[in-house]
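To keep things simple, chains are lettered A, B, C and D as they appear, and every chain counts its residues starting from 1.
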Amino acid sequence: MATHRLIAKVKNSKLLEKEEERRDLGFGTRITNDRGRLINSDGSFNARRVNVSFWAWLDIFHRLTVLSWPRFFGVVFLIYFVVNCFFSLLYMLLGVENLQGIQATDMVGQFWGAFFFSAQTLTTVGYGHVSPAGLTVSALSSFESLVGVLGFAIASGLVYGRFSRPIPKILFSRNAIFAPYLDINGWMFRMINESPTELVDIRVDVSMSRLETLPGGQRSRRYYPLKLERSQVNFFPLSWTIVHPIVEESPLYGATEESLAESDTEFLVYVRATEETFLQPVHARYSFRFEEIVWGAKFIPMFDSSTTEEIVSVDVQKVHDFEPRPLN
Amino acid sequence: MATHRLIAKVKNSKLLEKEEERRDLGFGTRITNDRGRLINSDGSFNARRVNVSFWAWLDIFHRLTVLSWPRFFGVVFLIYFVVNCFFSLLYMLLGVENLQGIQATDMVGQFWGAFFFSAQTLTTVGYGHVSPAGLTVSALSSFESLVGVLGFAIASGLVYGRFSRPIPKILFSRNAIFAPYLDINGWMFRMINESPTELVDIRVDVSMSRLETLPGGQRSRRYYPLKLERSQVNFFPLSWTIVHPIVEESPLYGATEESLAESDTEFLVYVRATEETFLQPVHARYSFRFEEIVWGAKFIPMFDSSTTEEIVSVDVQKVHDFEPRPLN
Amino acid sequence: MATHRLIAKVKNSKLLEKEEERRDLGFGTRITNDRGRLINSDGSFNARRVNVSFWAWLDIFHRLTVLSWPRFFGVVFLIYFVVNCFFSLLYMLLGVENLQGIQATDMVGQFWGAFFFSAQTLTTVGYGHVSPAGLTVSALSSFESLVGVLGFAIASGLVYGRFSRPIPKILFSRNAIFAPYLDINGWMFRMINESPTELVDIRVDVSMSRLETLPGGQRSRRYYPLKLERSQVNFFPLSWTIVHPIVEESPLYGATEESLAESDTEFLVYVRATEETFLQPVHARYSFRFEEIVWGAKFIPMFDSSTTEEIVSVDVQKVHDFEPRPLN
Amino acid sequence: MATHRLIAKVKNSKLLEKEEERRDLGFGTRITNDRGRLINSDGSFNARRVNVSFWAWLDIFHRLTVLSWPRFFGVVFLIYFVVNCFFSLLYMLLGVENLQGIQATDMVGQFWGAFFFSAQTLTTVGYGHVSPAGLTVSALSSFESLVGVLGFAIASGLVYGRFSRPIPKILFSRNAIFAPYLDINGWMFRMINESPTELVDIRVDVSMSRLETLPGGQRSRRYYPLKLERSQVNFFPLSWTIVHPIVEESPLYGATEESLAESDTEFLVYVRATEETFLQPVHARYSFRFEEIVWGAKFIPMFDSSTTEEIVSVDVQKVHDFEPRPLN
């Protein structure tokens, strides 16, 4: 605090201009191991944050939302079981004789009697063949029914939230290809919407990530946006072939199969769209690594010519199909 | 992998520049049959994706959301019936004598007794004149009430989701018209919001789609955006006549009734807006085919002059009305 | 169809250029009565659409959402009563003796017995002191509990939807003023967020609407956007004075109190923002008519100087306060 | 109204041009006490609006949403208790003998009997060991079950709304630093997403707020946007160091530790992003005051080198760590 510090020595910077031109998707430049990929095939990032605080780590809502259905129902069932056990034990502590209608005289029978009474209270079924008596047990069952109503509100909300969550089912072609395109060549892949819900206002961003050797010999990861022939469409009823034309300005100009492998090249695809049922935004990520690029091919049209109807029909499973074709 | 492949032969491309100017709404250029339309009158696409994977095809949520109300309630009722049958049979398997209160002694009577007990458990009514006894039947009914609570959470969510889904009720004029406009001519149609919910921030995109014959004789579908006099308004309390002025740059300049028919011309309308109750986005699609264009007409104002109040009043049903008027 | 029609006589249009410059908020030019305003003080439009189709007119969801709370609960209660009456009559038709536990022997007593049984079934309380017997009555009560669960799903959804609907509570100053501003004058109004929820990313659009006399003597309503000193802020924790500086380009340049009155001038305000609790969009409309403009005044600062705390404090009710001040 | 007023004396204004360049985040220029900060460390504004109208002040929905969990459940429990007391008293007024099954003969015992009956009715458990008889009590319990269903709809909605509300858990570095950057210096801070939910399309705005002395000697608060090396990234799987390069145009150019303190400088950070689970918008605010700036330092990389896996791993808690480093 005491020393007089001043920021004024340097006025401008050529390095800065260069830096500002550089693009970063958010992965940074330090990921230089060339064994793994940046984006996994399910769209998740190949990265992990450790040592997070307990509450941030917990994030029950997010965890319960992304769980698979069988696991989710398993968790709900487990919680239902444990909560009933807990209240059952409380009822036994307060005296099971206050639950009128339980005839069992042994501990195990009384436990299950209290357990099923608890279940009937929690779900608000309340048959009434077992009913609470006495102040404490009545109060506890009143409280339990409140817990039940609020707890099942969360469970129900989660079930519906999971059920209605918009997850686009976009099928990407297994391979990206270098294909002849007009009088030049292009880097292409193809995708189609597999879901019956239409997608509208679809936007695609493709970036290329590769390792480069800095003057000092150090390796650094760089990112280049790939200019697309068309990066946005209004409707997506059929398949869409995304094309990056390889002109002189393209970072792929002059690339060879070996150079892509040597620089650990990965093509990162980011799709944003709006699903039509509830006009909600959806998005999808995908990536093609250098091994998944085919050199000299052409996608085979997906139209289903078996029908003679007026309606246009495409066969979704043909999205991966290509045939060899020499490059221009 | 072994061969050394290189992309560097072609530097630039004039074809590419032309290609980039070309517009595509997402239908592609291959739809060249001239019997069907691209967009149906209900806004759906005249296209179909076949051979999708089972889970993508299923998409229960989307299907149950877009079903008509009678069918939806039919499905809910059917599921309710089948699930109750299923649990009823389980109760009978475990011994219907464990359901205290069922007096029936014949199979059919016992089935219905178990069936109604199941219904009372699933909906958590639980009158209690029939109640479970014994470990297995009590456990099953506890489980069934859990199924009921979660199942009806989905059903309830769906009912509410369907009920609150923002579907704009925009009424389009039956015909688009070529009308005199200022000192030139214009292609016009008219629309009005039929719903009591106001729409705000309305944006309209109109494209023209037509078949063109390529130099090689092949036919290809092309798309042209139509420049509108006004493509966006803040509020939409009255009717709105959308006008494409036909100046020299217009793709409609010099068009004739025959040329539109010959090229299977279709005008595709895409409306985006925000509904005011919940500030949710809504959208609507519509299309006018060449047969639905009237040459030389003018829309008749929709103001309702029968009232003498201060409030401005328009008659929604007049949206279709036009009268003949020679073109400029 | 037979005649060969052609659109090619006129190439360009000077009128078109002028027309494209004209702005329209969506009210059109035909509203020329000068007795009413365009936007009412509650933000609704002073316009009405008549003769809409039945289903569009019905739009139960929207109607039940915008109803006042007392009316809404009245409607819910009424439906609850009517549905119970309906089912009560059905139970009586099927034989009230099938509802075990109803002791009444007179019609009225039986009706109310069935009525309360119905209410207990619909809400799934199901005490069980009255319980269904016989196939048809049991089936009907099973069906009624299904109706209850689904019906209350809608009611509950509506209650919560109404409760959580983001309605900004923006308080506008009662008057807009012409005030000295820097070395010129400005048209100003002031607003403040009255709700405890913060608003972020606030955007304001102000338009002036006035009647103009066309060369032919006909009157036409015209709209002019007012350029604001600042039309967007990130945060809105205090009050915000929106200023339109009156420079030579302003449509208000040279205006007099009489000219504003004569041309039925109305200033239309449209505010868009994001509320912070759920990051939902909200918006508000307001309008100042010429009678609500004060000439030569200045808003009095709203800071609450009664506190000596570190926190900045403003008095919301002072938003309307101004004092006379000569114009520049 | 009578006097002829005219706005036409001044044509243009140099002051206006300057004013329009000035930036305001929405705090205004009047906050000139230099003891407090504008944005607190939890992102809330250090400002208060007093004297708001009752209904705006109430805003139950917002209040119940932002309450801490223990308090929220406390409020729900309290309301549950009070409503049951209320209905219990009503039942006693109408005659507790109409609640069949209550054996208590003393007032207190009857009150609790009615209380628990009320609780069973409100939550729709309805065991039935106590059941209503007589028209008025039956009607009241029918009404109470309606209140219960609708009331718990709100409570449940609130519980789920709170539970699912997207609150980004972004961890900001405790200090911002002046660090050497390329061949110049930069003002930097670092942040990382602590939540397991990924954030996408992250945008950062940084503004500098400081007191300036106007020619007249009066102090006024001014705001300057800080130009960032990179203000937007697509993905945010790892940490992100936000850098403002200090070039000649920067408002920080020539700044000293003393000048920042003297002018009560505060750096305001505003982060907007989309959380990935439900594609909802989220945002976060943060601020660094001059005392929290470290001069001459460099952030230490956060990569967790303890693992030898392919996955990239960062240690969240290292986000604060820096080491001294002389400025350029």
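Heads up, the rule we're going with is that a contact is a pair of C-beta atoms (placed from the backbone, for glycine too) under 8 Å apart; a residue touches a chain by one contact, two chains touch by 3 or more.
Just so you know, these numbers come straight off a predicted model, no measurement behind them.
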Reaching subunit D from subunit A through chains that touch each other, fewest steps: 1
Classification of the subunit B:subunit C interface as same or different, half of numbers criterion: different
Most widely separated chain from subunit C, with each centre as the mean of CA atoms: A
Repeat of the A-D interface, chosen from B-D, A-B or A-C (over half of contact pairs identical by residue number): A-B
Where subunit B and subunit D are represented by their mean Cα positions, the distance between them in whole Å: 36
Separation of mean Cα positions, subunit D and subunit C [Å, integer]: 26
Numbers and ranges of subunit B residues touching at least 2 other chains: 120, 124-128, 152, 156-157
Parts of subunit A lying in touch with subunit D, wherever the complex brings them together: 1, 3-16, 19-20, 24-28, 30-31, 33, 35-36, 44-53, 55-57, 59, 61-63, 65-66, 100, 120-121, 124-128, 130-132, 135, 138-139, 141-142, 145-146, 148-150, 152-154, 156-158, 161, 165-166, 205, 270, 280-283
Residues of subunit C that touch subunit D when the two form their complex: 76-77, 80, 84, 112, 115-116, 119-120, 123-129, 152, 155-157, 159-160, 163-164, 169, 178, 182-185, 192-198, 200, 202, 229-230, 233-240, 245-248, 252-258, 274, 276-279, 295-296, 301, 303-304, 310-318, 327-328
Sites on subunit A touched by subunit C in the complex: 124, 126-128
